[in-house]
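Contents: one structure, followed by commentary.
Letters are used for the chains, namely A, B and C, taken in the order the chains are written, and counting of residues starts over at 1 for each.
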């Protein structure tokens, strides 16, 4: 304890080793910030390229959010590291302060503007899919999920989906959706376990489930939707790149949850016609 | 000083202490004993929860290794999902909703406001024992036919609503889950009632609302959240029970076909369960964090020897978080099939809740700024709390936007987010509280070097476990997947999963430092004085541990705010709340 | 307060299957209504406790009500509105009457008319029992019409609402009964009867609300 002739505040016994502790804590913070920023910035782990324009809009929004959060993250975590080191007890007096209303006002306003601004800017990427009805010439495909498979139904050449009758559901005899055998419109329906669509065409999926809640997720579309029994939820997308993409189920649906997956095949127009003609081969 | 009214108050203690082991330690109505009972229950629960998570991490990385204690030698998909479900349920309810509020809140709320006990001590005891029953019920789920449920801590229907046909564990296991949760709701409602009435009516003279410690603000607002939220979950739980066993269809629509069998239900909505669950579930996570925020403010101020920066803003931010917390539940349901317009509304509200959280973060930094920081173990955990809360909170900004949620929903990104804020930050709040108040509760000091060791391992370990999970999520790693065998692109993520698992093993093992410290110090730690930290709030004016009536009949009055540290013109660098103005030792500046 | 006064009794309500409990009645032996460092529980705390408890119970019922309203309004969803059993009108009248008799009883208690108080307090309790009996009869009438818990969504809601309310009201009846057997000197402070009255009037009002909800849904 230092004896001064001005004892305004009794200073506490200096913490031995506090510089080491403070230094280590600050250092760990800095390392954590550097590693985190590096991995994010270098895109070491990323989603595969988006194959739709809406997907790219999602990526734009993600990037914008990343910049905002990175700024706040770096400033506050490094600020914490600095404060912890600079203001460690090395015999000084603490600076008495109850706060600063101006600062409160400033950082509150800034945060409101920043966060709400981000949220409102993010509307577009959401609205383009969810608030917008499908195009008139969209290709309609029914997606019916159940434990633990995906079924995709095309209406066939007549363009009409056959009626469904739950009593006629029989996966074992090749009618997993229960297409009503009495309905002529259902005779040409194509039911397949993978989703094949032509490139550069809007596709509207009507997503439902027979048993529990599942989900339809394709990373490259930046799109996912729960499949809820009792509901048919429409989503649409326009793929711009030919290829095969994984479809996974992200909603816990039972013991086969991690085994439930399928493929999105984006093919050329010619291949798509061939697919339809052959009844789904 | 204290007016002893008629009715049997003697000069020595206003309340006769109970006699006999059972009345003192088992069926006690003393809030201090009850607080310790809750704490020990949470400690048991967290150890179980950690074992479950270690088993999960093990399976994710070495799914084919022979496990001798598992029948068949290999963990099955459903066993993994049962671990997921039970880990989440036990941790969220029996650790994060129990230790901060039932444990420390029970122990210290009355003392910090200068009261002899909670408003309704017997109700308090009832709350604990019903919680204990709930804990027995959830553990029973492991042992009933079919085993533990596999529907996650969120229990979405119809997976949870149809019984055994949707999967193993969905029979008796799910029923035990609902029973346990329903009991927990009842206990929490009774507890919330007690906390609120106590805080409103039993504060010491001079303790206005804005002289309450922020810990009390945390417990008070948390109790209000609990009061308004748990009843909704209870309603949902009862309806789910009826769907499963009485043939009703609150959550089950028509036309369900499971294993080619049409289910005899009609007219229900699976989304209704989600709304009821998340209307509770979102306030629940604020219930888990708000007490920790109060503790963080309290400890930061004490060990920086500075008042909390912006005390009023901090108190109001706690209220704002609580209030807004009821308006954002739909952000768990962006892709659920709920109206996308509602989704956007929930999104804007969710972004708003980031504002009071940010205010708190800036004020914590402000508290440290210009301080005189002493790195005792409670302080290390409080600083760690701030760091982890910033990291976890910021990732929430991504999830709060539905467009971005399209990519991140149900991936490991979500797992990273909620673990950082709940599974680490809130836990750090519990650790900070434990190290801070251990001397008061048990009359002994914990070991500093061991405490610091515990901190370093846990702080580094937690970041090593959960920061990489963000990257797993961005790359498309799906949560609640028992293994990566079926989906090709998941194979690339195995190395990072291995890193996470190793980090998890080390961090889990490092908790031994805490356990040794805790139990050793209970018996053999150096004796603690009344106020080993030179702190300002009312718990530090009484003995360590406090007498049965908390203040030995000398109930304090309060003359100032709770964080009067380093006040200019005062000899000491702290002033107790209960010190009379004329007794404060001043010096000429 | 525990242990201060050996004959102090604190009433604890636990409602089976319902939302939060309530704590009513009980003297704390000392300190009266003032909490000036005397270390005792002020009387107003029981009022606060009951108010808060009723808030918790309210949220429980509001969850059910919002589920009901949303379910009812889904178009083309097989919602068959329920014909409300006629006895419900009588039951509602009985319960409303019981609130009036309760008020009367409390007035007489304040006027130190013990006999009058106990008479009207008993009447209230008995009316409560009649209400519950009437609810059981209503269930019987529904069952006779082939409407059970699982028959259709509106019947499910009806049974759940009436059962939940009935369980809470039963708790109220037990509280009223307990107060009936309290010696007068333990009731003069009026706290026990006040919190019991708060609970009872709340359950009454809640029932009227539910009843109107059923009527509106026809």
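Note that in this section a residue touches a chain if its C-beta (ideal position, glycine included) is under 8 Å from a C-beta of that chain, and two chains touch if they have at least 3 such contacts.
As the structure is a prediction and not an experimental result, all values here were calculated from the model.
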Chain pair with more C-beta contacts, B-C versus A-B: A-B
Chain nearest the overall Cα centroid: B
For chain A paired with chain C, centre-to-centre distance based on mean C-alpha positions, whole Å: 47
Separation of mean Cα positions, chain B and chain A [Å, integer]: 27
Chain B-chain C separation of Cα centroids, rounded to whole Å: 33
Touching two or more other chains - residue numbers and ranges from chain B: 254, 268-269
Residue numbers on chain B that touch chain A, as the complex places them: 76-78, 81, 150-152, 156-159, 162, 166-168, 253-260, 262, 268-271, 304-313, 335-337, 340-341, 343-344, 347-348, 350-352, 354-355, 358-359, 361-363, 365-366, 368-375, 380, 383, 386-387, 390-391, 394-395, 397-398, 400-404, 406-407, 409-411, 452, 456, 459-460, 463, 467, 471-472, 474-476, 478-489, 493, 496, 534, 565-573, 587, 589
Residues of chain C defined as touching chain B within the complex: 1-5, 10, 12, 14, 17, 19-23, 28-32, 34-42, 44-45, 48-49, 52-53, 55-64, 67, 70-71, 74, 77-79, 149-150, 152-153, 156, 160, 164
Touching residues on chain B, where the partner in the complex is chain C: 1-9, 14-18, 29-30, 114-117, 119-123, 126, 186, 189-190, 192-194, 196-198, 200-202, 204-205, 227-232, 234-236, 238-239, 242, 246-250, 254, 266-269, 272, 276, 279, 549, 551, 553, 555-557
Parts of chain A lying in touch with chain B, wherever the complex brings them together: 7-12, 15, 18, 21-22, 24-25, 28-29, 32, 35-36, 39, 44-48, 57-58, 61-62, 65-66, 68-69, 72-73, 76-77, 79-80, 83-84, 87-89, 92-100, 103-104, 107-108, 111-112, 115-116, 118-120, 122-127, 129-131, 146-147, 166-167, 169-172, 178, 210-213, 215, 217, 219, 222-226, 228-231, 233, 246, 248, 250-261
